[in-house]
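The structures come next, written out as structure tokens.
Below, chain A partners chain B and then partners chain C, in two separate complexes.
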Partner chain A sequence: MTDLIPITALGTPGGTQPQRARFGALHLAEDDSMGLASFSLRRGQGAPQAVALPGPGGFLGGFAQGQGIGALWMAPDQWLILGTGQALGDFAAQVAVLLPGGCVTDQTDAWAGIEITSDAGPGPIEALMSKLVNIDLAGFGPGRATRTGLEHMSVFVLRRSESQIAVLGMRSAAASLWHALTTAAARLDHARGTA
Partner chain B sequence: MLIPHPLLGPRDAVEFTYLGDASLLARPDGLAEGADAAFHDYVYLRDNPAGVHRELWYHEQGDRSWLVVTRNTVTHEILGAELARDVALAMRGAK
Partner chain C sequence: MTRLSGGLIDRSRTLSFTFNGRSYPGHPGDTLVSALLANDVRLVGRSFKYHRPRGVFSAGSEEPNALVTLGSGARAEPNTRATVAELFDGLEARSQNHAGPLGFDLLAVNDLLSPFLAAGFYYKTFMWPKAFWEKLYEPAIRRAAGLGSLSMQPDPDAYDKGFLHCDLLVIGAGPSGLSAALTAARAGAKVILADEDFRLGGRLLAESHTVDDAPATDWIAGVEAELASLPNLRLMRRTTVWGAFDHGIYGAVERVADHLPDPGAGVRQTLWRITARRVVLAAGATERHIPFANNDRPGILLAGAMRAYANRWAACPAQRVAIFTNNDDGHRTALDLLGKGVQVAAVVDTRPDATALGPYRTYPAAQVTNTWGRRGLTAIRVAHEGGSDWVTCDALGVSGGWNPNVHLASHQRGRPVWDAAAQAFLPGACPPGMIVAGAAAGQGSTHAALHSGAKAAQTALADLGIVANLPDLPRAEDTPLNLRPLWHVPGKRRAWVDFQNDVTVNDIALAHRENMRPVEHLKRWTTLGMATDQGKTANVTAIAVMADLTGQSIAATGTTIYRPPYTPVSLAVLGGGDTGAQFRPRRLTPTHPWAQAQGAVFVEVGPWMRAQYFPRPGETHWRQSVDREVLATRAGVGLCDVTTLGKVDVQGADAGVFLDRLYCNPMASLKVGMVRYGLMLREDGHVFDDGTCARLGAEHYVVTTTTAQAGPVFRQMEFARQCLWPDLDVHLISTTDAWAQISVAGPQARALLGRVVDGFDLSNAAFPFMACANLTVCGGLRARLFRISFSGELAYELAVPARYGAALMARLVDLGADLGATPYGTEALGVLRIEKGHAAGNELNGQTTAQMLGLGRMVSAKKDAIGTVMSRREGLVSDTRILVGLLPVDAAGPVVAGSHLFAEGAVQQTDTDQGWVTSACYSPHVGSSIGLGFLADGAARMGEVIVAANPLQRQNVRLRVVSPHFIDPDGGRLRD
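For the complex of A and B:
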């Protein structure tokens, strides 16, 4: 059989190691380990009782029931379930057990995830978001997530904490997303350096 | 221009795409008497009011919901927005 080598969405040369970059206080890191699945309710079906799924604009970092499994609201009666470090297993099957009764679709590798962390508090993160996305930051504290446009691409932005966000973009446009984020971060760093 | 999304609050209009008159929700019954004439009117005839207009917008770079937005075509003032699904279900219930 042909030897196949798994590569990450952005990949450093050879594609086997996730991409990373640093601009001043901002660290950007591709996360190739996230398992993703969408969960939607069928018409007339009530929300699952087992776990409390977030409401519109909400994001939950983790459920008590599943280790490292979180969820964000995508649309009415639809959520994106995120599993830290679950990219290699059958994540959709795991979600179907956790949330029985709805429709589960595997989304792992459909999205490229980029984690952005600031080691100088929320300032650099909010400056970067102000530059790139039309999100009202006053209502976008930790535990919020939304889908919006970023340089004409549809992305999810998750506020993990005051000083960390994650951006999920289409895997097929991962390099464009990386270019947009790194260019903006580099310009912010340059502006701060010359101010 | 901001569109007051009923679930997500005010959102920039660039996240939306525009379809047209909200009367498109009232699709005629294709099996009823006079369906040809009803579909001709449904497909080709539109009011073009200078003033308050109800129209369909799609939150493409967002939660992918269809909204019925009430907008004044003269001033561009947005008077309200509701989920098209709720409007359609209410219409079906009213029949």
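For the complex of A and C:
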């Protein structure tokens, strides 16, 4: 193991702890533990037999049993593979073994992940999303994911459950993403307080 | 006090507000105007051009006259329609567009000059002398004509935006909108109901008639309660849908806090982008007036507005009123006012068969031909069959019929259609998915509105496969208007058509005489229908007046184009509220926190913030820091975060073929473990971008781009992959953010790297210039190493996962202390590459070719690539300008980038221009300023003295033409 100490995407000097914030029912937490890798099928290569990768707009958590690995559709024949707790290893190498024959590129540090959870059901989550992303929530239940614009940034939004989403944004723009998310969440909280 | 009984105001609470500094009382439920009228304030402003005293004209968002400045200080907002300003405690309002007090406006002299201020006067009058327009005429006209002024202070409020999606958007919550929303929401559709008012009900709130034999507010309350209980309906009060855009997208502004004294930590307004599968437009109708002489005095207003003030707000502009009408609706106002105890002096009805509907005097076949009253109406002149009388009254309600609000139906260039039976323009071709209901569709009786709204919702949902049942709708009035059109009262005196722009019937007649007859010309010549009200109370009347003059029908005269916004929208809310540091996203490098801790000065490079230089104690000028960083790099080793350069991972069986077609030079032949400099051309043969291409495996390349072109290059690559050559097996993904990349440059670079790599052989033999490898550093951290140089020194770029970037940088600085390891920023980076003669963004500005860069031979003749063929065209090949180095003849002289190059003694003009200076800096290595530039026949002019002209600063500097390589022209340092 290297003795270099990593910092989180939102890290300040010595910023080894992920950021967290709470606004009313909404909890925002930076997640720097996810391993990420892109996987794409070679021309003519059939879909992997071992696992059922999701179709367009789909997100599948835990498709490889017991390994905490999920996948979301990125483009035709291309997926982003997510591995809970796999950030510090060589996740791309792991994916290449799990899904042989395709092209794999490490994406772990390309993205900053923010998990947003509501402890008051889907209402606050959906109110937050309606302030940030142009997604028709009627078709965005658990198991859906999409790439979309958020405050001029390109992000992935994953609907993990009715009351939890994950937002993946460019690591370099993590501070701007955090600002956008926390500002919107704080305003919703304020509006609820004054309603 | 002219406060009447009843009304939808909360008399249990009193609010205090000020108008022009004077304090008045009002109640919750009041608007600024209803409260002013209840306090006997009729004069609220001055007209745009003639500065005539003006009062309130309407009771809604169509208001042309009552424009005020709300708030004070930084929150002062000019040109707000007082008719829709919801009253709150502490509201401050001021009138605008007058010199001196509102009651005695010095600029009212314009009214006496009115013969000189006719339509198009500024096109005709201020033609000479030409120079006077900008300095004298225009400022004077702008001072005299106009609206309110901005505060000139930053807006202190927060603005928000959001996105909504629905099956059905219902615009307007009057009877038709409410019945549409109820029908759709009961069927389970996802519905948004938006209304600009703060209270649901629309016109029902302004009327006295009953719904199901009870006050209309009872029915509204029932509907409101049911709507509130349906989770599939979103009710948006104080929300104006202001534009219909493509693909079912509607713009809406929600005034979240405009009715509060201070929004506090909340937002003031929210801009909603609503994507609706279907839309019911239930926007109602706007009453029209009938122009007659001197019809603009305070106290003269729309009859329906007068009725609205009486019924909803228990306010009336006067105790003694008259009505001028061409239909039965005017009589309703008379009846409602009588019922509230207001004296009705007369109803002047243009129809010969008119009879009174109540105990008031009616003049049939009569017209109002003049009015009296300096700052407010005191009498009207009535011409009737028996002669002409002055009738004393302090307010006059005018009713000329109703114009459906077809605006949003027409936003996609749909032209409204004239309906002779309704004597109104009805919606023509609507935006896809929109159905118009209620008064907006000419279904103006309450009964018709309720039923058409429900039917429209049912039809719209049927389109979506949703079955909706028609609700049981209440009994409501269904009386016809019995209108007989009269578009203006003939006469020589000025009769206003458009109050906001001071356009009279005479102005339209003048435009007609001057052949400005098409309505679009009429609009521009007279300014009719412009400004904040967009002619809501004027346009149709003006078209009818023009039709009268031309003898054409109204249908043939046509309309102007309706465009968003329906009512004014503040730029602040359109901007989405992001200002200052949050104006756009910022990208930070992996070493940003470390650089911050070092006290780095940062510079914006596109979206990135990069360390520009690292000042040390005692350095008082940036040049001191930069010179030190440059010299330290050339003497020892320098460290720079170069993560911002674009990185694209390219994999696949055809990766080499693909890159051969993208780069003008070959890449398929690149050996695994090696890096090659590459040039990409545009289709037109000019240089698109440069960078390095590393081959990490047989089917795995990493392409780097310049920072500025990272996005465009990736886009071009994706375009090529998806559209040009979809048959190739190529896989692309950006890894720019995934890797922190640090340049380690200088003679001690190898020594320093040797201290972090895990047993990797860095010797020249094992890892020569332009080699690359996967390796581990610092005890097992996966990394990539590239032996490439931008500085001209022995140099490497080391990449590690981004989260380790800051730690790696700190480690390198720490371990390299004895080697002189020095972090450097973008300024030193620039100096180092100019000294080496490497091209960068300044040289790759989209106008230059490989040949101009001295890299013409890189364009391979053995293969084709994007831009190769076009790079060989005569126009580019014959260009003799080429990159040269430039040294000032006087060593103390400056070299200024952007200067143009001329032969010594030549006249300096376009046809003698020989090139330009692209980059310049002070070179601590050379000991003077140096530059790079493109110079005609440059290769043959080494040693020649030329002139760099900088006419903006009156500079002419003599420069000597030299090689662009100021250091190590043979490249020995790179390969050492």
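By definition in this document, the second predicted complex is superposed on the first by the 186 of 195 C-alpha atoms of A that agree within 3 Å, B and C clash if a C-alpha of one lies under 4 Å from a C-alpha of the other, contacts with A are read in each partner's own complex, and residues count from 1 in each chain.
Quick note on the criterion: contacts are C-beta pairs under 8 Å (C-beta built on N, C-alpha and C of every residue); 3 or more make two chains touch, one makes a residue touch a chain.
The structure displayed is predicted, hence computed values, not measured ones.
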When both partners are placed on the shared chain, which of chain B and chain C touches more of chain A: C
First (chain B), second (chain C), both or neither touched by A:136: both
Touching partner for A:57 - first (chain B), second (chain C), both, neither: first
First, second, both or neither for A:149, with chain B first and chain C second: first
Partner chain in contact with A:172 - chain B first, chain C second, else both or neither: second
Doubly contacted residues of chain A, that is, touched by chain B and again by chain C: 134, 136
Chain B residues within the chain A interface of the complex: 7-12, 14-15, 60-65, 83, 85
Interface residues, chain A side, partner chain B - complex: 56-57, 73-76, 134, 136, 139, 146-149, 154
Chain C partner contacts - residues on chain A that touch it in the complex: 1-9, 11-13, 15, 32, 38, 40, 42-44, 78, 87, 90, 103, 105-111, 130-138, 151-153, 170-177, 179, 184, 186-187, 190-191, 194
For the chain C and chain A complex, residues of the former touching the latter: 158, 160-165, 190, 256, 264-267, 273, 275, 578, 582, 584-590, 593-594, 596-597, 607-608, 643, 649, 651-653, 727-729, 731, 733-740, 776-782, 800-804, 806-808, 811
